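Each of the next two complexes has chain A plus one other chain: chain B in the first, chain C in the second.
This part shows the complex of A and B:
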């Protein structure tokens, strides 16, 4: 409980800082932060699969890109499409994709699951690349109008202003993060964790393992789709290389792993760490992804619990020392 | 012979050539999967690495034969290094750790390739002695593709001989079906793992060299061929060489005729085939385990 309280205080502090960042650092860094928060949402949605359900997916870009494309296409072809509906379209498109693929996926686990998700992700990539009359091929869909946030009779906020979009994206991400956090705390969320730990036992207890996996898959896909929709409206451009490549599927894995898959907040740390590395390394070399890749390998090799695991380790050491002070020798 | 028949023959030979190349890549992948229980995401990256080495060797010496001998060996050397110093370290953490390490390796190789060779594609000319056409009835077919088919067949026969006729092959086959048991019998399984990983990457490397005159050398080639190889391994059945062989040839033909008749749907056909197979046989056509 104390741990959670600390995390929430930490989060509140970040929110307050985030609210003032555009005034302090200017619009370039607020755009970096919007990207970071979109990827944080993407990585946390991914961690529902990897960290909570123990399913390693190599095709999460399917949901992110699917959501991004759905939003972009809806905004291109339907005049006057409202903002919140566009956002929801992204999420629902991802849910639709998840519903199509989950009957095949929920029956397998481990390596087969990873390979099948990889294949489906690539399938969507290839389809989007080939059907250029709909998706624009390599060029993607771009230049669509970004609608304003209209609450009838009260207010209308222009989203083309980066500052206003910054606040909008941040609020959507925080809300989504809160809903997912709540989702992991429900009884169903606990069943999901026990599927990760012992699927057979959950099955014997009378819970339907495949159905539960499908639900997690759909929830995770929905929020990845929301992240994709936010991304599409931020860039005003969706392309296959930007949203659907296999590397887009690897990013949330790296973020979740570097941050720590054992913790809800881990992927957020991971997204922050990778954003910082990218920003710093990009100043010195254009091959910053090389740096990211090497760091990823080192984390998998030497710190499989990631940054959150490291934090936890420090905390345990620290609390062990303070509680045993004067009464016992330090236990190593 | 009319032009339609000629087209059919040419396309089926093209399909055969691509299918054989695919088998070279996929056989290493499926052997490694059989032994270690992981699908090596970086496998196609070694394939690409070898193609780039081939390009460099051709620039330096101009001898395709030398490139064919040396480039795959260097790729295999890198593969063995990765197995020894990265994969083996995370073996204890289970399959997720190993899969993630291979993802990391593939990222580093991709970025390394971009770093050393740049992102522009390189064209590699067909070697002088293999440049030409053979008349098949009244169809002129490139010699080089016949050479590809022949070389792949030669390697296939050699590999089958080693696997099924030698003591080493017996150990490898036994380790594929139960590594723990073989270890308990006193065989040094880690060394066998390393050897198989080396041979697997060498096979991918050979494919990488002989594909260079057909395909250009560019940083996306690993994705392109790697994905096809994954489909072969998944549908053929994890760890099954026979399955990989049959599916590789079938996909090669499917690809060749798909491009001929329904160019837009060709890449989707492969996945459709995989989805159908997996819907009925989740372990693949010849697979015995997940």
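This part shows the complex of A and C:
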């Protein structure tokens, strides 16, 4: 709990700093931060599957992209579609996809699971690419109106203003992160972690493993969909290459691993690290993927618990006396 | 009254017959040991009864209800608890968290997404009480993977019992334990299973004769004999097949 409190304080500090960033650094960097927070949300939602439930999915982009497309299409075709509903549409579309794929996915594990998620992800990619009457094919869906945040009689905030969208996105991401954190701390969250450790025993203790996994899919998918919706409204464009490619499924894996899959906050660190690397490396080379790729390899080889694991290690070294405390504290 | 019974139970793995017409009767409140040489089908019998496998043929009844083909979680909810021969805990969770899973199950807390688990004081209290009873309170926050062998075996057994089952099925609870550890484990089992029906698979004859009031001998997948410990000791067929080699 203490560790979590520290993390939240840390996060609060970042939020306060983030609140002033647009005034200090201008709008370019605030866009970078919005993008970072969207990916942090996406990566944390992914880690509910990987770090918490022990499911290595190669198709998480179907939830992100599905959510992004749903929001974009709703805004394109329904005049006056409200902002919050557009956001929710992204989440619910992802839930809908999760409901379709989970009956099959919750019954397989290991390689079969990984391959099936890859197949489902690619399936959605191809559908969106080929079904151009609706999705616009390679061009995607773009130029849709971004609604204002309207609370009738109280306030109306123009979201086309990047500064205002910056705050809106940040609040949505923070709220989502908090809900997911809460989720991992509920009795159900404990069952999920137990499934990762020993699904058979969970069954023998009287819990339904497939149903539990399906709920994780739904929750994880929902927040990936929310991230997708934020992304769609940030870019005012959703395309298969931008939201549904297999690379989009790999990003959260890399972020989770680099940041640390053993910690709730790990993927957020991972998203931050990758964002910074992208920004810095992009100034020197066009091939910044090469840099992130090498870092990914190094982390997997030498620091399997990622940045969060490294922080934890430092913490343990620091207070060497409380020997076993550190390892048990994380994702559990 | 029989709390559990099997009728004409068969099981085979792709043609290899492992169980052969097993008719087992477990009376309410009894302490029933299942013994037999390696490969006799004891663990398979457990697996078929507790829902790991569906039997190839035959019927299983629990609390006068047919449970053939039921899944483990259904049986656990009906009041059947099981421990494993090969320790099967949640290795990355602490001893406390392991036991707490059993407590959650007993209380029917399954799909609760709206409450912080650490804030559920009754659950925490009950879990701590169990930890004290099984002498693991000192290792409360140690991950299961870091426990000594004896302690992790205690944890293994106690997880099954934390669900407060009416019928406890223990698969070789003392497997691999030292003499001292075995003695402690037997005491623990006796304490924890008080007032419950128990079925135990066991190789250690001292444990069997000190814990069981009925014994079933399984040999080549079939029941060779069933009865009180003294009857089993004197049974010639059992001596020939099993006990003789152990020189009891």
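Throughout what follows, the second predicted complex is superposed on the first by the 320 of 332 C-alpha atoms of A that agree within 3 Å, B and C clash if a C-alpha of one lies under 4 Å from a C-alpha of the other, contacts with A are read in each partner's own complex, and residues count from 1 in each chain.
Going forward, a residue touches a chain if its C-beta (ideal position, glycine included) is under 8 Å from a C-beta of that chain, and two chains touch if they have at least 3 such contacts.
Computed from a predicted structure; not experimentally measured.
Of the two partner chains, chain B is the only one that A:297 touches; chain C does not reach it. Contact with neither chain B nor chain C is seen for A:278 once the two complexes are overlaid on the shared chain.
Contacts of A:161 after superposition on the shared chain: neither chain B nor chain C is touched. Applying the stated contact rule after C-alpha superposition, one finds that A:107 touches chain B and leaves chain C untouched. Contacts of A:236 after superposition on the shared chain: neither chain B nor chain C is touched.
Of the two partner chains placed around the shared chain by superposition, chain C is the only one that A:206 touches, whereas chain B remains out of contact. Applying the stated touch rule to the two superposed structures, the chain B and chain C interfaces on chain A have no residue in common. Across the interface of their complex, chain A is touched by residues 33, 37-39, 41, 86, 89-90, 93, 95-97, 99-101, 103-105, 107-108, 111-112, 114-115, 223, 227, 230-231, 233-234, 238, 264, 267-268, 271, 274-275, 278-279, 282-283, 290 of chain B. For chain C in complex with chain A, the touching residues are 50, 71-73, 76-77, 82, 84, 88-94, 97, 100-102, 104-105, 109-118, 120, 123, 141-143, 146, 159-160, 163. Across the interface of their complex, chain C is touched by residues 1, 182-183, 185-191, 193-194, 196-198, 200-209, 212, 215, 324-325, 327-328, 331-332 of chain A. Within the complex, the chain A residues that touch chain B are 50, 56, 58, 104, 107-112, 114-116, 118-120, 122-123, 126-127, 130-131, 245-247, 250, 253, 257, 287, 289-290, 292-294, 296-297, 300-301, 304.
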